[in-house]
Structures are given as structure tokens and as C-alpha cells.
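Structures incoming, each one as C-alpha cells.
Two complexes, one shared chain (subunit A), two partners (subunit B, subunit C).
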Partner chain A sequence: MTAYLIATLALVAISTIAGLALNLQWGLGGLVNFGLFGFVMLGAYTCGLLNVAGWPPLLAMAAAILVTGLASATVSLISIRLSDDYLAIVSLGFAESLRLFISYEEWLTRGTLGVPGIMRPFAGWVPPSAADAVFLAFAVVCLAIVYTVFEILARSPFGRTLRATREDPMVAEALGKNVLWLRLRAFGLGGAALGIAGSLHAFNYTYIDPTQFGPVITAYAFMAVIIGGRGSNTGVLLAGFTVVLLLEGSRFLIDAFGLLDGAQLAALRLFLVGVALVTILIFKPNGFVREYRLISPTKERS
Partner chain B sequence: MRLCTLRLLAALGLALSATVPEIAMAADATTRIGLLAPLSGTGGPYGREEERGARAALDVVNAAGGVLGHKLELVVADDESVPTSGVAVARKLIDVDGVSAIAGVWSSAVALAVRPVAIEKGIALLVNGSADEITQGDTKGLVWRFQTTGKAWGTAFAHVVRKDGAKTASLLVLQTPFTLSTVQPFVDAFKADGGKILDVVSFNPNQPSYRTEVEKVFAKEPDAVFVASYIPEFSAVVKEAFRSGYTSKLYTFSHAADSQGAFVRNVGKEAAEGVNHVQAVPVGDAGAYKIYLKATNQPEGTIVPFGANVFDEVVVLALAIEKAKSDKAADFIKVIASVANEPGPNVSDPAEALKLARNGKPFRYSGAAADFKFTPNGDQTDLDYGHFRVSDGVSRRVGTTR
Partner chain C sequence: MSEAPTALLEAVGVGVRFGGFTALDGVDLAVRAGSITGLVGPNGAGKSTLFDVLAGRRRPQVGAVRLLGRPVTRMPAHRRARLGLTRTFQISRELGGLTVLENLLLAAPRQPGEAIWNVFARPGLVRRAEEAALVRADALLARVGLRRLADQPADALSGGQKKLLELCRALMLEPRVVLLDEPAAGVNPVLVGEIADFIRLLRDEGLTFAIVEHNMDLIAALCDPIYVLAEGRVLRQGRFAEIAADDAVAQAYLGGAA
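Let's look at the complex of A and B:
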């Protein structure tokens, strides 16, 4: 049971990092990134392929973060004058194109056969029995770093201006803010975090193939941000936990229904997850936690 | 509001804690094996068949006294046909349910993703996936394939197509590890037989239409088209080709063109007429297959590839456990090959084989899906392939090849 919990918590950490990235891009910046899974995939493949080619895991991961961040910024640049739905379509298009590229360019990516034998960081230094626990610790450290950096950003002038562009880019522009540069940085930073999530994904499974990356990863990230409370990093932390708890916990719940056969239980499980999500949103329509607001000390006193 | 959320979480937690200890306790008293089946997602059409096959085998084994003096237990789990979910569920099966083997892994992508976990934890992995890579490399003797390899499929198809008199052939291939692995062997064997390959076109699943691919392949009017795909895509391709009036002969796997009549229901009798399909079949009296059909309430002559594979997986596991006198994977994987490879008398009745294993007598299990033997790396060899053709909505065997 402990081993299972450790493995599941690592999944929580990975999906929460993806949630935090989306929270920066969409929660604070209003930039709808439907192609999130493509950036996770890019991170995982960059990290995995470099690692298999002989790079040490941490170096491969650093490269993956850089590549994903740059790719992310570039994609937002291509769609320079787009926002909202249009950006969503462009990012989704990028992700699908990337998936096709990885599926067909076998010389580089081994196509649908996937990349096996990815080494985890610190793998040689710890006994195999502790490998999962060490990986979990590493994932949690990554999560802590991403959370801290994004939380500082959200409370900084950068975060406030980003929220202003979310509410109304015209007004921000009229006040002399460089909206394009701001959005570029938000998308790039979010992309870098997705590079971390992707690298951790590759390390976690030690084998990656194109079918592991689908729109469902994007959906989980949106679930985490919406349930957590749009704009709140703390909320995303709680929600990342809740989403995985629902997905994994429901597997135990259905074990209690003895009368149905496997196919019916499988359908029932997915149905239960849906019901739970709807229930949460009925009782918590704005998510678990409200986004951070700067309250001036003078106003508070009055 | 906060109270409601808390209450909800508490209820969920309670439900969780209610089920967990029960599972943990049961793990000590019995032998458990897991079935990791595609009960939803792309493999959905085959998951239920797998579960039926596994339960049928379980009933046969337990009616014959179970293994090591107690009942064999089965834990069924859904991998959603997705590798990431597959790994999560496999971990649950191993660490929470305490299974010593995972059977029924259908998708090659799921099998490849679950493989490192199974090898790390020392759990036997019995797969239905055909991608050659599943059994390659160091598997520590834990990975066993109960299905033809992609290479063997490709060669068998080339022989069948050539036998039917086709001089030119094209391939229309779905992008999956399994289907892609059949391409090169088909091309090589077909050319070696003196045939000519016109086109190899691959396509993605879940497309709204396969029109472009169908036009590209069929417009050149090859004598035969080998469509390496599953039932949803194959049905769509056949419909498109039929509507356009193309007459090239169609060849595919039996699981795509039969599936207990699902294919004919999908496309209609007219479009299905003359479609050829191939799969490994039992030869001779095939006693185990009859037992399987009876146990799953299916009429004689039904072609159910994956269900029969899983039936064999559970039976071979039970026999190996009984033979090794241990339900630890490290012990019983050493005798899995001998269950099918021993020279001893051929036995197709699982109950009889179990009795012989219990008494330490020699026997050889002759499987339901095929009369297979194992290679040292866990693949099946010595398979015969049945060539079936759909006529008037019913599949009939028209030949057998090696």
C-alpha cells in the first residue's frame, strides 16, 4: 500500500506542476492554453531522448526546461495578436502537430514505439527499494520550487500587471504597459514549468510514447485550476491533490460494488469522477481558494 | 459551504478506509492474479471479451480444486487503453491487491509502459500485445506473450495474400506499435514470394474520415490491400472503399473483421462480403477451445481471439503455480515455458492438466487460442494461422497456413 501511495503522490506532484503552469498562463494572464499537453510532451521527449542519448538526467531535464520554455514563448509570439479562443486554437494546433511529428519522425523519436530505458535522477546512488521514495522527494522539491517562484511572481508587480491584462489588455496598454512582452514572459515561464512536468513524467514512467500525451492532460490541468480557484496557486495545490484523489480513489470505491462486471464498473468509475467534480463546483463555484489580492494597509484600517 | 465540502471529503475517505483493510487482509490467504483489461477507450470492444475469458478459466481452475489447495482469485482492473492509466492501475494491482501476475494486457503501448514496473517489482506480465519490442531485451523471464508477434503476423498475411493469387498489394496501416511491426515482415515476405508492393500508407486513429487514405491506396487498384488496424478503423475503411466501388481484396486481423459479428453489424453484409481475415488457430481436436466456448456460453465456431488468449493465460498461470508449488512469480516463471513445451502427453482439458501438475506427472498443455510453444524470450512459436473469409455475413475458414 505504501509503495502505491508513493507512486500516486508522485503523480499528484507532476499534475500539480502542470496545474500551476496553467494557473500562471490562464489563471493570471487569461491566456487559454489548450495545447498544454503538447508542451508537456515536448518536455518529456526532450528530456527522455537526451537522457537515452547519454546525457545525465538532471542535465537533460535542464535542457528540456529551456527548450519547452522557448518553444512556449515562440508559440505565443506566432499568435502575436491573438488571445482568448484564437490562442486556444493555435496552441491546440501546435500540440497536435507536435504529436503527429513525434508519431511519424521515427529517426528522431522512434515513433509510436516510444522511448524506453529513461534513467531517473540519482538512480545509481540509491538502493532500488528506495527509488520510488527518492523520486517522490525529487518531484516534491520541484513542485515546491515552482510553487514558490510562481507565488512570488503572482504577488510581484509582474503578477499584478498580468492580472490587469487579463481583465482588460486595452486599459493596461493605455497605461503604458507592454502587453505583448508581458504575455510572452508569462507563456514562456509557464512553458518552462511544463518542461519540468514533462521531464518528471519521463522519469516517472521511464518509458514514453505518443499515446501517453493527450488532451486529457490539458483537461486535468484545467480541472486543477478551476477547482482550486482561478489565479490562486495555493488553490491549485489543493485541487491537484483532489483531482488525483478522485481519479485514483475511485478505483478503490468501485471494488466495493461486487455485482457488476468489469466493463460496467469501469464506466461507473468514470461517471463517479464526473459526478464528484460537478458536486465540488456546485458547492464551491469559485474554487477552493480566492486569488491573492493586494490590500493596502490604509484601506484595511478604515 | 465549507462544511459541505468537508463532509464530502470525509465520506470519500470513509469509503476508502472501509475497502482498504479488507483487501490487504485477503492478500495473505489466497493466490491473486490481476487482469489489466481495456474496458474503456480504444480497446473497449475487446475488454469485456477478455474478462469473460479470464472468468471462464478461473471457474474451470477453481472447479478443479484451485491452486496449492486454495482458490485462485482474480482482480479485474481497467487500463482505459491508455499507458499512463495502465501503469497507475498496475501499481494498484501489485502494491495494494498483492497480485503475483498481471494478465490480459491488450494494448502494446500499455504493455511497454507497464513492463518496467512489472520487471522492477518482479511480477509476471502476460500480454496480448503483438509489438515485437514487448519481449525484447532483458525481461528477467517475467514477460510472456500469448499472441502472435508482429513479425509472424506480417509473414502469415503475406503468404495468405500470395496464395490467393494477388500479384500486387498495398498496406494501409494504423499508427500503433503493434500494427506497424507487421509492415516490414509483410513487405519482405511478399516480395520474396514474387509479389509487388504498391504503397504503404499509415494513418491516425480517431479521424473523422479515412477518405484521403482510402483514395490514395485503392485508386491504384492493387490486387490486395492489407489493412493493419482494429475494428473501428477497419469498419470505416471498408465502408469508404465499398461506397467508392473499389474491388481490391481486403485482408485484416480476425479481431478487426470478426469480433463475434460486430464487424458485419458495423458495415452491413454487402460491404463485408469477401473480406479476408487471419489469426492463429488451434488445430486438430482443439479441446481447450471447445471448453472455453462452452464456459463462456458461445456457439461452436465463434472466433474470439483475445478471450481465448486470456483463457490460456489464466490456465497457464494456474498450471505453472501448481507445478512450481509456489505462487511467487520468481518461482513459477521458471516453469511457465515447460507447461507448453514439455514432451509429455498433450492435454487440452485444464482440469486434467491441473490434476497431473498436482501429482507431479508429466503433461503438456495444448492451448485454446492455438497449440503454442514458447521461445526462451517469452514469445509463442509453432502457430498455425487460419484464413477466414466473410460470405453472406458469416466468417468461414477457407485455409490454413504456417
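Let's look at the complex of A and C:
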């Protein structure tokens, strides 16, 4: 049970980092990233391939963050000038192309056979029995760093300007803001966080193959941002736990239904998760937490 | 024209075509320093298109735009804003998800905290810029009576308050020239008077305006000179009394063949 809990919490940490990345890009910046799973995949493969080629895990991870961030910025540059809808399509197109590339370019990626033998950070220093717990701690530290950095940014003038471009890019322009450059940085920085999520994914399973990465990763990230409250990092944190709690917790709930077979149970489980999420949104239509708003410090007036 | 040297913002022979339709056809316009230049004309005359060209939202196919004597025809809107030219919009475009105060702080120029690096490496610099902007924003809000609404989201304001907010937000930029697109549209008459007084006061303090407006009382009270646009051309220009007495202007407004 402890092992299961540790594994589940590691998944929470990874998917919440992806949620935080989407919250920066879409929650605050209004940039729809349907191809999120592709950037996670790029991060995982960059980290995994470099690692099995002999790079130390942390160095491979740093490279993955850099590569994914740059790839994000580049992809956004292609489409950001057009409009939000196009960015959604282009990012999805990028993700699907990448999946095909990784599936067939075996000389580089080993194709559908996958990449086994990825080493976790600090793996040599800890006894195998504690390996999962140490990895979980590492993932939580990564989550804490991403959360802190993004929360500081959300409250900074940068975050405020980003929210302004989400609300109305023409106004931001008329006020002297370079909308393109702002969006580029937001999308690139979100991509860097997706590189972290991808690296952790690779470390977590120590084996990656193309089938692990699908649009459902994007869907979970959107769930986390919508349930958490668009624009709120704290909300994403809460929602990340909620979503995985529902997905995993419902496994146990299902044991109570003795009448149904496995396939029916699996379908019913996802159905119940959907019902739970919709119920949350009926009672909290704007999600758990509202995005940060500045409250004027000169409160002594009234 | 002798006024050319003091024109802060100028359009010279500006032409804009949308496919086969000519929206602007050789428009010359000069917004002199310290003036409140009016721009009137029937719907479809090209007023908003001209504003878009002046602000940098749209690039004209022919002609040039000069700002503070510099050619800016190909300069994007955000860089013109940094030179001191900003605008408001016909339908108020408050940033509804931001508070009233945040709307103003956003417009403060030269905020180092818009660079990610400074947010982490030079937090003191960012905070000082933010505090200075807060003082200015607070004073502006007090001036137009929006101070008690500072922490409200901007989409909770009334139509007239949104117009005031937009004006204040433009002022936060420390502009030289402000383009106002229908500042009185959808505003009750009392508030229209207040907005007019405020604009005049700001002009007296040294700001320059160009205004598109259908409310002739406001135009008559504020603007000199006034440009009358019709079918993409400047039909007349002059003081309100001259314009009002002009047959061609009356015809353009009444839909006759001008």
C-alpha cells in the first residue's frame, strides 16, 4: 500500500507540474496548448535518450528543460501571430508529428520498442528499497520550485501584463506592450516546465515508449486548470490532487460493485470521474481558487 | 501649412483599401501640440480606420504617418505607445479580469518587472517602480472619483465609469498624444459633461488629443480644429462654427450626394 501511495503521489506531482505549465500558458496567457502532451514527450525523450547515452540524470534533465522550452517558443512563434485557435491547432499538430517521428525514426529513438534503462537522479546513492521514496521527494521538490517560480511571476508585473494580453491584446498593444514577445516568453517558460514534467515521467518509469504519451495528458492538464480555477497556481495544486484522487480512488470504490465484469467496471469508473468533475464545476463554476488580484495597499481610506 | 512644425501627430496622403473598397483616400491630418482635434463624419467615413492608421494598428497602402516629427508609418502600435501615443476604443475595452487599479498599473511605462529576469534578480527595482506607479494611479483614481472602486474587477463598472477608467489608463502611460474613440458613446449626459471638463483640464496641463465623436455638443465644446471626413476624404476642416454652416457637410451627414 505504501508503494502504491508513493507511486500515485509521484504521478500527482508530475501531472500537477504539467497543470502549472498550462496555467501559465492558457490560464494566465490565454494561449491554448492542445499539444501539451507532445512537449511532455519531447522532454521525456530528450532526458531519457541523453541519459542512456551516458549523461548524468540531472544534466540530461537540464538539457530536456532547455530543449522543450526552446521548442515551445519556436512552435508558438509560428502561430502566435495569427490567433489563439491557430496556436491550438499548430501545437496539436506539433505533438502528433513528434509522436510519429519518435515512433518511426528508430535510429534515434528506438521507435516503438521504447527506451529502457533510464537512470533516476541520486540512484547510485540510495538503497533500492528507498529508491521510490527518494524519487517522490525529488519530484515534490521540482513541483515546489515550479509552483514558487510561477506564483512569483503570476503576482509580478509580468503576470499582470500576461493577463492583460489574455483579456485584450489590442489594449495591451496600445499601452506599449510587445504582445508577441510576451506570449513567446510565456509559452517558452511553460514549455520548460513541461520539460521538467517529461523528465520526471522518464525517471519515474525508467522506460519510455510512444504509447505512454497521448492527448489524455493534455486533457488532465486542462482538467487541473479548469477545476483549480483558471489563472490560480494554488488552485492547480489542489486540483492536481483532486483529479488523481478521483482517478485512483475510484479504483477502490469499484470493488464494491460485484455484479459487473472488469471492462464494464473500467468504463463505469471513468464515467464516475466525469460525473464528479462536472459536479465540482456545478458548485464551483470558476474552480477552487480565483486567480491572484492585487489589493491596493493603501487601505486606510474608507 | 504653417502649422506643420508643431504637429505632434500627422497623416500625410494616407490611403487604405480593403479589397475594392477605398476606406481612406489621400487623407492629410495634423494634430497640433496642445490642440483637441476633432474628427467627425457619417458612419463609414473612415474615422476609425484613420485612428487605426495613426495608432499603428493598421498600415496604410500609401502615405505616411509622423509622430513627434519622426516617420512611424511602419512602426507597430506598442512602439508608438512608448513614444507617447496611445488610444482608447469605441467600445470600451476595459480589461475585465483585472481590477481597476491593476488596469492602471499595467499602463505605467518602463516597469522593469515585465522582464522575467528582473522579477527574480532585481525585486527591489521592481517594487520601487510598482510603488511609484501606485502613487500615480491612486492620484488619478481620486481625481475621477473611482478611488473607492480600485479593487473591483473592471467589468463590474458602469459604462461611463469604464470610459473614465480607459482615459485614466491612457494617462498612466504619460502620453503626449491621446486618441479618443467616441469617449461619450453610451455615457449619460451628466458624465459626458464631466468627461469633457476633464479632457479640457488635461489639455490645459499640456496634453494633446484627437477625438472621434458623434456627440456634436461635445465636439462643439472641445474641439478646434475639426476635420469632417466623408467617403474616405477630408471634406472640410475648420472651427465648429465654420463646419456647422457648411452645406457640403450638412449634405454628407444627411446622405445626399456630397
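Methods note: the second predicted complex is superposed on the first by the 298 of 302 C-alpha atoms of A that agree within 3 Å, B and C clash if a C-alpha of one lies under 4 Å from a C-alpha of the other, contacts with A are read in each partner's own complex, and residues count from 1 in each chain.
Please note the rule applied: contacts are C-beta pairs under 8 Å (C-beta built on N, C-alpha and C of every residue); 3 or more make two chains touch, one makes a residue touch a chain.
Here the structure is a predicted model, which is why all the values come from computation and not from measurement.
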Partner chain(s) touched by A:294 [first = subunit B, second = subunit C, both, neither]: second
Residue contacts with subunit A in the superposition, subunit B compared against subunit C: B
First (subunit B), second (subunit C), both or neither touched by A:166: second
First (subunit B), second (subunit C), both or neither touched by A:158: second
Parts of subunit B lying in touch with subunit A, wherever the complex brings them together: 1, 4-5, 8, 12, 15-16, 18-20, 23-24, 35, 37, 39-40, 44, 47-48, 51, 76-78, 80, 82-84, 87-89, 91-92, 94-96, 109, 112-113, 115-116, 120, 131, 133, 137, 175-177, 180, 202, 204
List of subunit C residues in touch with subunit A within their complex: 55-57, 76-79, 81-82, 86-87, 89, 93, 95-99, 101-102, 105-107, 109, 111-116, 119-120, 126, 129-130, 134, 138, 147-148, 150-151, 153, 169-170, 173
Touching residues on subunit A, where the partner in the complex is subunit B: 1-4, 7-8, 11, 100, 103-104, 111-114, 116, 128, 131, 205-207, 209, 211-212, 214, 216, 245, 248-249, 251-253, 255-256, 261-263, 265-267, 269-270, 276, 279-280, 283-284, 288
Subunit C partner contacts - residues on subunit A that touch it in the complex: 149, 152-153, 156-158, 160-161, 163-164, 166-168, 170-179, 182, 185, 189, 231, 291, 293-298, 301-302
